[in-house]
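Got some structures for you, see below.
Across the two complexes that follow, subunit A remains constant while its partner is subunit B and subsequently subunit C.
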Partner chain A sequence: MSATTPEQAGVTIEATDGSQTIRLAPNYWPFVVPALVVVGAVIVFPWAFTLWMSVNSWTLGQSRNFAGAENYLRLASDPRFWESLWHTLTYTFLSVVAPMFFGTVAALIFDAKFPLRGLLRGVFVMPMMATPVAVALVWTMMFHPQLGVLNYLLSLVGIPAQEWIFNANTVIPSLVAVETWQWTPLVMLIVLGGLASVPREPFESAEIDGANAWQQFRYLTLPMIAPFLMIAMIIRTIDALKSFDIIYAMTQGGPGTASETINIYLYNTAFSYYDIGYGSAMAVVFFIVIVALSFILLMLRQRSQWIDQEGK
Partner chain B sequence: MSSRLLNQIGLFFAALVIVSPAILFFLWMISLSLKFEIDNGAYPPILIPEHLAWSNYAKVFEENNFLLYFWNSVLVTGTATLLALLIGVPAGYGIARLKAERSAVVIMIARMTPGLSYLIPLFLLFQWIGILGTLWPQIIIHLVVTVPIVVWVMIGYFETTPMELEEAANIDGASSWQVFRLVALPIAKPGIVVAFILSIIFSWNNFVFGIVLASRETRTLPVAVYNMLSYEQVSWGPLAAAALVVTLPVLVLTMFAQRQIVAGLTAGAVKGG
Partner chain C sequence: MSSNLFNPTRRQLLAGTAALAAAGLVGLRPGFAAGVDWKRFAGTTLDVNLVKSPRSDTLIKYLAEFEELTGIKVNAEATPEQQQRQKTVIELSSGKPSFDVVHLSYHVQKRQFEKGGWLADISGYLKDATLTDPGLVETDFADAGMVFAKDGQGALRSLPFSVDYWILYWNKELFEAKGLKYPETFEQLVAAAEALTDPSTNTYGFVARGLKNANTPVWTSLMLGYDMTPLDAEGKLRTTSPEAIEAASLYQRLMTKAAPPGVTGFNWAEAQSAFLQGKIGMWFDGVGFAPPMENPEKSRVVGKVGYGVMPKGPKAHASGTFGDGIGVTAASEKKEAAYLFCQWAVSPAMGARLLQAGAGVPFRKSVLEDPKVREGVTMPASWLDAVVGSGNVSRLALPVIIPVTEFRDTFGVALSNMIAGADPADELKKATEQFQPVLDRSEQG
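On to the complex of A and B.
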């Protein structure tokens, strides 16, 4: 390809002489077409197939029948599905709130200048880059009720040993702790990007007017980084709803079904019971839940911007 | 002046506190991987053992076919990333120049879609075509992860590169392809590096596609390390060593390319899966 470069230079010289003045509007669509084809094959086709399968009754190895809304009605009356929906929402709520809090605090710290900032920030980002399954295995060892290091650490401060992921009551909070450990850095990075765009001047005048650090944060920083907080929150919500690796590798939805989220139940339905029709219907409903929640957050974001402008 | 110094020391310690869960976790991971069974079962726990169990690492490679799985991971991640760059970089360019903001929505929807909903139809399709025993199913489905990352990063990057050079080349009669190849692409190299790194990381880490699509010979590392669990009475040392082997390439890449990763993630805030 580089062999054409000299010719190219020749054309350029000719053109600057004014001998070629035809100017075509560049056509950019050919650049996008290959990606559209791949997206069509790998994303659109599966969706069309899933929608079609969701109105069929089909378990692998058996015959397929058109079933209409049967799968969806079955979902509505399936207590295990409602339970998994509840687990998903609890898990998601906690996995948004905790990383949002810690991520914002971390961003405020890393926005300032101090020794070894670059190195510490690099280490802070590592959990989100680490392979989730590998991380999950090590956390499982740390959660071990007898030999785990976490119960030992608790004993040092006089807290009785916990059963962590091995107890139905503590399994979701324990998984959320791992999720928080892994994904707080993403929130930090997004908020850090927001803080970098905050202008200095208002803070200088606030300082002169005698505003303390908390007031400056509450009335200047927070409103200015609000759009970034919303983006972080939307992304975190989507990712937490879809969380699979950590839960599957650590508990597979157990003990019993105590940590079975929709994603895990969907996996079991499709790939343990090979109930393709029912699994497809669940995938459709799951997707609707994700889109609906993201949409609500997007609306909130637009509304908050609107209120902002109203205030001015 | 001294109050500023005090302030800096305070910030340093605050940062140390917030980073400590990450530091302690990885330290403990290394510790687990270098201890013999006796030390891993000791109470109170031991951080640095008297005898280092390097044999744990040898065991991982000897007993579990890890070299094969490592190579599988390299092939799947490498091919999926190269294919994604090949189609994703031009796409990002086209979308940025067309100012087609709606296509960004398509990528957002791709992100919202749970990976499992791709898996059911594609699993059946691959089975029907008869390529389930090969690495191709995983390479193809990893495009779901890599293509959106590359396109997303490249849209952001091409939006910030100056148009003047491209317009000048246009006036001089260069075709759109020549403009892209000779003017836009060379400037976009840093953006491509960011897309490349992020695509590698999130493809390497992917687990869910592998557990469904991989057979015994086509496992990638995350699946292989998970499968070690299914053996009876697995010991902690080799398991932790295996976990470290799986994630070490990604962590090393993170350390070396920290600035690019931070830039890419703050701009696009992308994640695969």
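On to the complex of A and C.
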């Protein structure tokens, strides 16, 4: 075994005032490499490959040809793509707003002290623990126009039977209802955490100043829990945008294409039609949409941060 | 050329007698002839890729029998249909599939597999007496089976395994209450469906698939009654022909005037659930969905269900036919051993097991016509009669093209829109314009 010189080991020796200072030249690369390999393999490579496939015309079982921007141009003139984009945005908007509203109301209720509060909180969060596909199958039967319990309940109060997910006009609101039922507890938990961290003193001052309950909520509670609401909104938006399981299990995008979101259309294109090139182009465009939405949400989050009086 | 048990061909008679005699001498199970050197590939290991279904469950249940017969070890994997299709296409297109035997849905994958060159030509094996049971002859399969199994050049690429004819399930009790008889024609079908419909009692005359994609075979099956198919022999779309529009109008009329509300979201499972409740007059779907009808734990119509061959259309009498087969992959290095497995899977013994358990209907006529096999069938005799009767008027219900799923999706949306009130001619025109470029692209490259 040969001896390693200080220079080879990355050690620099400098002479100062007759004494010697030993300075270690930092060499962190070996520590970064494993992380780089993992990131490269699971993030960079799949994305680079998706980009590459998106500029090729490639259907499984057939030859691959370079197609340039053809797939993207096809997207621009594909009414089914634009329709699915609209469904995605509508579904996402409703699936964020409804759980945010009900989750905040539930958090305010569960923040108050009343008997059996702990037990009821536990019951309230149970939908969140269920498997989405199982949830979807149960709700599909509940929505059944003839055999479903929902129409039975409506009939008890004299309301005519509805077609729920079996009608193009009501399918998205019905799916949002399931999403809301399952994910309102998540918003409730996040907001409840926020409410627990709100100081009591400003409320005491507000009461002395004669502020009513609504004014206290509007001008004190809401601004103070705003960062928590933003976190809940970001999580819900990401979840709703990527929602696939519930929609696929309940309607497969139907009736017709009335509930076909980009995720469903993309899945069908790539894995039912095996049109990998076109599906990849769709994935790239959808990625850009998600990045744009995330950027807007992150900007809003910045604005909702607590600031002190000096504006720091 | 066709034959049955009571009118066998000379070759079948000689082959059957010889096979039975030989089997008796050497103690083999009936159906596995001694002339075949079953042990020739003993020690080989085969990988088999199956679609998860009652049919594959039956194969797996009796796998030990094949292993004992041949000395071949089998690793069988059965995955749900959608996942199996994705897996097989991805692996086969890679050129190195992990399996030697593959189970395929003819009505969806036939042309795709042919174009990819993914299945081995087994025509030669069928003629090899050391490999093939003498009873295994082309004429023993229903005609549709051989149409499915052979490629455009006439080479045998797979063995037809199980057939699914579309029949009409009808509720005899509801029909009797209205003094109606089983419809013999499309006109009578519509009249009966509308006469049975009474929304005030939540009773409807007809149900079929309304969900996009799943609904397309309903329309194409009706189209067969007008002696029309979606594509002509040259591969040109005929989906805007007067017959196609008439079939779509018939679909629209049945689904809007005689079907339960919300039918546009019904796949076969929802339609079956509705029929099982006893409030639906007729249900049009595959013959393979029959077993729950006679199961008291699942059905309120036990003993009340009639099973009928599809009524005659204005121009033709046809039963929409679908099916699956089992083949040897072109990339397999154990093709002959894999062929033995396929042969065992479609053997009379396995066919009888499928039929008697209600797990599927074999393509082989000798099984359907064997009185002993019929005795053991647990379903009512009228069901078996409907199977045999449908076989006599069997026609492929979906076009043999690569983009079958896109075809079903595109025209499925049009049909869903028709249930919502859209004009059939307009919708078919729009769907045809959308689908034509997809079809054109599919045969390029």
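As a convention for this text, the second predicted complex is superposed on the first by the 262 of 312 C-alpha atoms of A that agree within 3 Å, B and C clash if a C-alpha of one lies under 4 Å from a C-alpha of the other, contacts with A are read in each partner's own complex, and residues count from 1 in each chain.
Following the convention adopted for this analysis, a contact is a pair of C-beta atoms (placed from the backbone, for glycine too) under 8 Å apart; a residue touches a chain by one contact, two chains touch by 3 or more.
None of the values given here were measured: they were computed from a predicted structure.
Q: Once chain A of both complexes is superposed, is A:L147 in touch with subunit B (first), subunit C (second), both, or neither?
A: Touch partners of A:L147: subunit B and subunit C.
Q: Looking at A:L189 after the superposition, I want to know if it touches subunit B, subunit C, both of them or none. Which is it: first, second, both, neither?
A: The first partner, subunit B, only.
Q: Going by the contact rule stated at the top, is it subunit B or subunit C that touches a larger number of residues on subunit A?
A: Of the two chains, more subunit A residues are contacted by B.
Q: Is A:F271 touching the first partner subunit B, the second partner subunit C, both, or neither of them?
A: Both partners, subunit B and subunit C.
Q: A:R121 contacts which: subunit B (first), subunit C (second), both, neither?
A: Only subunit B is touched by A:R121; subunit C is not.
Q: Could you tell me if A:W164 is touching subunit B, subunit C, both of them or neither one (first, second, both, neither)?
A: In the superposed model, A:W164 contacts subunit C only, not subunit B.
Q: When the two structures are overlaid on chain A, which partner does A:P202 contact: first (subunit B), second (subunit C), both, or neither?
A: Neither subunit B nor subunit C is touched by A:P202.
Q: Is A:A232 touching the first partner subunit B, the second partner subunit C, both, or neither of them?
A: In the superposition, A:A232 contacts subunit B only.
Q: In the superposed arrangement, which partner chain does A:P173 touch: subunit B (first), subunit C (second), both, or neither?
A: Neither subunit B nor subunit C is touched by A:P173.
Q: Check subunit A for residues that touch subunit B in one structure and subunit C in the other, and list them.
A: The answer is residues 146-147, 271 of subunit A.
Q: Report the residues of subunit C in contact with subunit A in the complex, numbered from low to high.
A: 82, 86, 89-90, 92-93, 112, 115-116, 118, 202, 210-213, 260-266, 270, 273-274, 277, 279, 402-403, 405-406, 409, 412-413, 416-417, 419-420, 441-442, 444-445
Q: Flag every residue of subunit A that touches subunit B in the complex, lowest number first.
A: For this pair, the touching residues of subunit A are 1, 4-5, 8, 11-12, 14-16, 20, 22-24, 26-32, 34-36, 38-39, 42-43, 45-47, 49-50, 53, 102, 105-106, 109-110, 112-118, 120-127, 129-135, 137-138, 141-142, 146-147, 149, 152, 181, 186, 189-190, 192-193, 196, 231-232, 235, 238-239, 241-242, 244-245, 248-249, 263, 266-267, 270-271, 276, 279-280, 283-284, 286-287, 290-291, 294.
Q: Which of the residues in subunit A come into contact with subunit C in the complex?
A: Its residues touching subunit C are 57, 59-63, 65, 144-147, 161, 163-168, 171, 251-257, 268, 271-274.
Q: Can you tell me which positions in subunit B touch subunit A when the two form their complex?
A: 8-9, 11-12, 14-16, 18-19, 21-23, 25-26, 28-29, 32, 40-41, 43-45, 86-88, 90-91, 93-95, 97-98, 100, 103, 106, 109-125, 140-141, 143-144, 147, 151, 169-174, 176-182, 201, 204-205, 207-208, 211-212, 221-223, 225-226, 229, 236, 239-240, 242-244, 246-247, 250-251, 253-255, 258, 261-262, 265-267, 269, 271, 273
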